[in-house]
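The same subunit A turns up in both complexes below, where it pairs with subunit B and then with subunit C.
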Partner chain A sequence: MQSFETNKDDLIFGLSRSINVQILLAVAVILMATRPILPEAFIRLPDWAILSWDVWLSNFFNFVKDDLGLIYFTRTLTAGLENLLDVTGNLLFGKRRWPHLGPIPWTSIAAVAAVIGYWLGGWRMALLAGGTFVWTALIGQWKIAMQTMSVLAVAAPMAFFIGLFLGILAWKYDWFDKTIRPILSVLQTLPFFTYLLPAVIFFKVGPTAGAVATIVYAIPPMILMTTVGLKKVSPEIVEAGKMSGSSRWQMLRYVYIPAARTEILVGVNQVIMLCLAMVVLTAFIGMPGLGAKLLLMMNSFKLGRSFEIGITIVLLAIMLDRCTKVWVVKQPEHFEKETPWWKKNAFLLAGIGAFILFFLLAQFIQIADHITRKQDFSMGKEIDVLIKTFLDFDPIQATTTWLRWFLNVWVLIPFRNSLLWIPTPAFIILVTAFSLWLGGRRPAIYALIFFSIVALTGWWDRAVITLYTVLSAVILAMLIGIPMGISASRSEKWSNRILLVCDTAQTFPSFIYLIPAIMLFGVNDVAVVFSILIFSTVPLTRYTIEGLRTVPVEMTEAADMAGATRRQKLINVQLPLALPTMAVGFNQAIMFAFFMVIIAAFIGTQDLGQELQRTLAGTDLGKNFVLGICVSLMALTFDLAILKWAEDRKKALGL
Partner chain B sequence: MKKLISLIAAGLMAIALPSKAFSSDSSDPIVIPLHNWSSQIVMSHAVGQIFESMGNNVEYVTTDSQAVYESVRLGDVTLELEVWEGAFGASFRAALEKGGLHDAGDHDAVTREDWWYPMWTKEACPGLPSWEALNDCAHLFTTAETGDKGRYLDGPVDWLKHGTERAEALGMNFVVINAGSAAALWAEIGAAEADKKPVVVFNWTPNFAEAVWPGEFVEFPAWEDGCDTDPTKGPNKEALYDCGNPAKGYLKKAAWDGMKDKWPNAYNTLTKISFTNPQIAMMAKMVDIDEMEPEDAAAAWLDANKSVWQGWTN
Partner chain C sequence: MTDQPPVISCKNVWKLFGKNPEKYLENMPKDHSYDAISADGYIAGVKDVSIEVNRGEMLVIMGLSGSGKSTLVRCFSRLHDITGGSIAVEGQDIMALSEKELIELRRSKMGMVFQSFGLLPHRTILDNVAFPLEMRGQDRHTRRERALEVIKLVGLEGREDYFPRELSGGQQQRVGIARSLAIEPDIWFLDEPFSALDPLIRREMQDEFLRLQDLLGKTIAFITHDFDEALRLADRIAIMKDGSIEQCDTPDRIVLDPKTEYVAKFTREVEKSKVVKAKALAKHSQNIENSGPSVPANSTIKELARFLMSDSRDAIPVVQNDGEKEMLLGGMDRKEALDILFGSD
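Let's look at the complex of A and B:
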């Protein structure tokens, strides 16, 4: 690829980066070439060298849990959280708890949602917000959707406040920022199974554990966005606030936070999206609602109804996403001094009015209150037949049979075996060389440390299989995603269409892809790779489109004037300029793949995900944590190297 | 007149009160766990509704079917209605040893878990259900990845079904692949259904799958006690796991130790509860085939089978 100007930073032992890469590669090649005569200890770490992290950690966790009494503390928190969840549970789906008012009729909720939608973004938003709830009720999923929403309604605000608070701390105190950043990076790459088990042990099975796991999962972006927003507040605004004699609290409340409004609301958007994604996944630890129903439907092989639940989740996600995004742009309204109060609060009144109207209606008309199983419009069986007919279509069967044979026998199995064949030290050196070549010295040092830790945990073979699945899926995703992005980016219309497909594919609950994958390819690596591929293609396509469409017009015009053909323009002008953005997409694709490979344990794998899934049924926190960290460290290695490259490249291009 | 009414009311109260004192069940909710298969969910709802008809409060929580024994032990969950010998025996016994829960009696129903094939497989391999015949047909079950060996899709590794060990001990020409979940097993059968492709997978009874895909278990050398611990048991004198699984495994109920004192009436009922295989299959069918919601299915079942359960409540 591109040659870099060597700067001081890159010199290691006085040698340039490329020389160092070559030396590392040479060592790795020698190790591999001499594999037959290498002592066993150089091929795989001998047993005595493997540190029993899991036992130590288990002991440590048990000490903190029982001896220091953390469990009593968390169980007290659980009680408080449970009260909150009981309130939302009672209001939304009629759980028999205080305040014994619910369930609120579905028509009331849908009407209020439509009013809020209208206030935020006019008729279109009103239709989206109200329509989502109407769909949910008509398809017969109201109660389970409300079970999910009742947790979301508690988890999202809590994640918001905690994130905001920690974000402010990180902005105020530099040492706090420095300590919290690496923790956040690990949290963002930690597989979600690792969030689930501690949540269950410390916060009791059921909605409370689900809510806690969801909150922890959704906090990191909120912290980051808050810090970013507050740092950007311009000194003039700060001066103005100080001149009017504000106290420190007033400065924060009336100056800083309103000035950082946009970033904070972007954080809110991310919190809500992550909460929704996680709330579905917490079905694995017994959180009732859409996720649990989806799992149940999949376990009894009801494709149609699983698919319908998937649509509900997508609709909810799109609605919440769009509404909060409109909210980010919407500026606060200001009224003339003399405006009567009812005019100022017209929307609030309309909302209350609609709520009461439908609430009263529901007392007399059963359908306005709830819809029974016989009245709904679920088409589960019909969709079932449709999906099965499609999968059974001969050309499709022929294609998948061929693909299964070809990929398994000629690509995947040989690739996996060769990765497993490489001696551990050679593997670590290869990864280090890759990081050095791509990102420079710091990423290389991290790569060396991180992969050595993975080797020391003793889960090396499984870690390599995880990596092999991720790499195979991402490489295949590149073959599909990048050409798709390039051709879509040629026109505005197609760009938007493909971006919409990307949004939908990404918000679809990830484990819904597993069943079609198995039905198409059977239980084997092809199905695993296929289900990851769907998920990883999305960021590749999205960032390719974005990268190509943000190439400065002057550049493309200059190319046109120089008489470049479309192909020349693409290869020599557009792609090089878009490459840093595309690298960010590539990075996301890898992160998504690491996320999805864990879920793919559901199909049947022999990697870290399978072991992680196994730990969920027990109480072995130490093992669960070690496995999670292995995944996280591998993901971070790539993250650090690729993002560093994208950053350097952007600087070099002056973007 | 008014006086008379209040007098009658007072009299009624006097009759009602002692009987209330007699039923000394706590008003705290009895927590019933739900898992991810239909028959268990319907059965749990049915029992919950029976408890409710006796005046108890009931609450349902969804939990993992292995982790639930830890929760019952701690009292977070009050009872468990389906303890399968094969699938959960180990977790149940482990929790039993730690203390906090106990065995609350067996159902009439028996359970079986083993290698299984849908009926269309038999057309291609008429010698079934004997395992020797299956082995002779191994070529019917080959796939791209398994080369010339047949492919058997076992349950998830953590179900500890020892498929690999058995294939080895009996010298079978099969490769054992572990699925990641029950859903993966059904997807595999579902995909084979259209072309009537022969498959052999792990399955169990009672289960909804029997109603969707009729099929049979493969008959392995019959189970002998100690087949999993003593190599001399079973046909291969040098290997473990050379027998089929027990064809008549138990299906138990388990209860939290504190239940007896806190809800004595409900506990008494729990010990009497016993479902049979056809009853369980019926409940699963109402949800899986007739597409009813589990709560409705439980209510409908209770309504249609009053004679079965009313005796349990006294």
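Let's look at the complex of A and C:
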């Protein structure tokens, strides 16, 4: 990595970037070398220096909540949201609320899904869409799946509209864009537990809080995609709209939004996927549904049932993702003249027809209406046995046991202890030096500020453990993901296959990744690292392939003509050019890891996530928020430095 | 034709791009050059331009990319707000219009065609063409009727239900033309309408365009970077460079008498006899022998080549034919015409 190009902005105290990095490193080394004789206050912040953010924040939140009366406002909103959730709940799983129509027979829903699938993408999509629902029903998870879907059906559209609206504002008003951007980047790195507790406190436990947390969580990408899309509308289309005499509202309604259709639909896709991921996680605040069931099953180590629920969640994710993605690229087709109206609306009619047909059928045939426990095909116990026998199989058990021992004794624990051994100031200086080396002055200043804040909160040890878990998982993920990406990128066929796998894996709600980790390693640190590792291998592999595949052909051809061997070509031409893209993947891996490490609190960790999860049981908003911000600040430090490096590098390479 | 007041009249129009252009322009020395302005961090899109477009006239604005021709035309319709000077459309200062009045002006009087068509991808051809009508709130039925009428005019009937991406480039531009004509505008702006098309299609579209103009007789501001296209279509050509107009004149005058070195660069390669028309050479002072055959005013010298070779008079009468009556314009110096024909100048 050559990040030492010096330009004017980089000079600090008149010294170049590399000199400054060296000075910082020297200071850190001195601090570490003199650790035995350092006064206690230099090793860890003394108690008197720790600021009681949590108390202040709690007071502030209470003031806003009670004295300013925000709670009354939010509770009013709750009532409205609750009504919506009651409607979807009634329709989908027969909650006893207005309009008292449901539940809709599962066959009707599956049939309509198949018709929509066919309209979007032919037989394969029809099979995927219909098949997912058939599977869900037959495996006996219809009701919990519909509980999840009933929240999704309310949260996704709301997140879409709010995001669209805010996106339009951000596009229209520069000051709004500038205010909202830092908030969005914090929101996107904030651990989800931090979304959950305020939701519970302000919006009542259960589906409403779940829906609120989900909505808030899914809004940021929608805002970003809307702004991007509106900015990208071709100036000629804008001018054509103006010259047609459109008023401002007409411009927005008839010109900008339709012309930004693609990006807005990509936003829809992201909203739906994030909503699904979050809805599953709302299990932690007692939202019934697939997530809650999965949590329950994993708690009692029922691997078979967990596995089945995992498949349902994955199928739902893939289906929703594929359907919305196909929708993005679907172009309108014209009908020949004189096409009768029923032919033009064939899909609509088929959908309605299928719905009514199965609805009527369900009135007479019980199995078409719902599947009882005795009728389902769940093989939880059998799978359980299968998995356990498989894991007890000697070579497998020997492997996992050895891996666990090796990782624990030789990698994880030494690494963790050494990180904890470093005196706090030295640690902060090291991170600052890293940011300076990678990203330059601004990221370094942010690193210094952010990590100092973390130290001042008093959660330093837990923060370091969080960081240790993230780093060890990402480093291991690099050892797997990058070689895998490099070898896959050699052939078109394998690139596409692996990319498809990565794309699909990325749509899975993160919760899913806990299942194999627990299966293989039980409940301990290795399982935590392992679950993060699989999760963050995905972006690493993906961006490695993408980076290598997008190296301009004339450069690889030039290398070929210069007589480079494959190895020489890879090391001298392809990797350097792919590195900025790979850095983006690395960054995403770290962000994913920060996300996952919090969820892994479920397995049992000693980091910030664990503490966060504990706050969910109480009402200590201040502490919850402080912990969340700690995670967010650490993640942002990496985000800023790495992305800055990638950007500079891309510019330097002229990509 | 020229007795009426001009449709568009620009006086000392400036359009600067930069941080605070109004203030900069106020304090700027009057004869600051384009480069000097650039050095100050501003770009002079339009630099002190005064020009008029007359009723029923086709003014072609010619220039290379970055010369400011598109910017100037966008100032005419106030897609850009000008920095200094004044623009009047039909006698009305357009910078004084409120947003509502401006919209009204565009809805009733202006049409514009774009280089990359600017069609709305999610609308059918019919809906694209009807778009300006929809914006001004016409009902579906009349909208449809009028749209079909213009679609037919540009020769796309039967394609109403297609989407833009299903058409070829030439066809898409026909849609663009149809859309700009839907509201029956008095003023027609065309921003390099044929530049994105293949040379063969371009030629065909130019012919088509001339046919439409014969039929409709609009006031036109036409932008191009193609000098041949400008010569072919224009009543008058304005050649722009660095935001200012180098020369604005009829094609004949530009070819015969380029005013600047820059304009001369364009005219040098042109076969003048194909451009210069008999009327441009007709002079009153000539001693005309009013006997013998005359030549029509709008014929090019090239077209008259055979006649010029065989006739032996020094001055040949040039006659303008206005449909019913013939009018003698003057005499054309045969030697001058032959010089143009053989390019000996």
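As a working rule, the second predicted complex is superposed on the first by the 621 of 655 C-alpha atoms of A that agree within 3 Å, B and C clash if a C-alpha of one lies under 4 Å from a C-alpha of the other, contacts with A are read in each partner's own complex, and residues count from 1 in each chain.
Just so we're on the same page, a contact is a pair of C-beta atoms (placed from the backbone, for glycine too) under 8 Å apart; a residue touches a chain by one contact, two chains touch by 3 or more.
Just so it is clear, the structure is predicted and the values come from calculations on it, not from any experiment.
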Taking subunit A as the common reference, can subunit B and subunit C both be placed on it without clashing, or not? Answer clash or fit.
fit
Would you sort A:515 into first (subunit B), second (subunit C), both or neither based on which partner it touches?
first
Subunit B versus subunit C as contact partner of A:243, first or second or both or neither
second
Would you sort A:134 into first (subunit B), second (subunit C), both or neither based on which partner it touches?
neither
Touch test for A:234: subunit B only (first), subunit C only (second), both, or neither?
second
Check the residue A:70 against both partner chains and state whether it touches subunit B (first), subunit C (second), both, or neither.
neither
State whether A:25 touches subunit B only (first), subunit C only (second), both chains, or neither.
neither
Just subunit B (first), just subunit C (second), both, or neither: which does A:15 touch?
neither
Check the contacts made with subunit A and report whether subunit B or subunit C touches more of its residues.
B
In the superposed arrangement, which partner chain does A:420 touch: subunit B (first), subunit C (second), both, or neither?
neither
After superposition on the shared chain, which partner residues are touched by A:381: those of subunit B (first), subunit C (second), both, or neither?
first
Reported in degrees to the nearest 10, the CA-centre angle with subunit A in the middle and subunit B, subunit C at the ends is 150
What's the minimum Cα gap, in whole angstrom, linking subunit B and subunit C in the superposed view?
46
Help me check something: in the complex, which residues belonging to subunit A touch subunit C?
234, 236-237, 239-248, 250, 254-255, 258-259, 261, 331-337
How about subunit C: which of its residues touch subunit A in the complex?
74, 77, 79, 99, 103-104, 106-108, 110-112, 114-124, 131-132, 134-136, 158, 161-163, 165-166, 176, 179-180, 183, 189
Mind listing the subunit B positions that touch subunit A in their complex?
29, 36-38, 41, 57, 59-64, 66-67, 70-71, 76-77, 91, 143-145, 153, 156-158, 177-184, 186-188, 190-191, 194-195, 208-209, 212, 287-288, 291-293, 296
Name, in rising order, each residue of subunit A that touches subunit B in their complex.
96, 200, 204-206, 283-288, 292, 295-296, 298-302, 373, 378, 380-381, 388, 391-392, 397, 404-405, 408-409, 413, 514-515, 518-520, 522-524, 600-605, 610, 613-614, 616-619
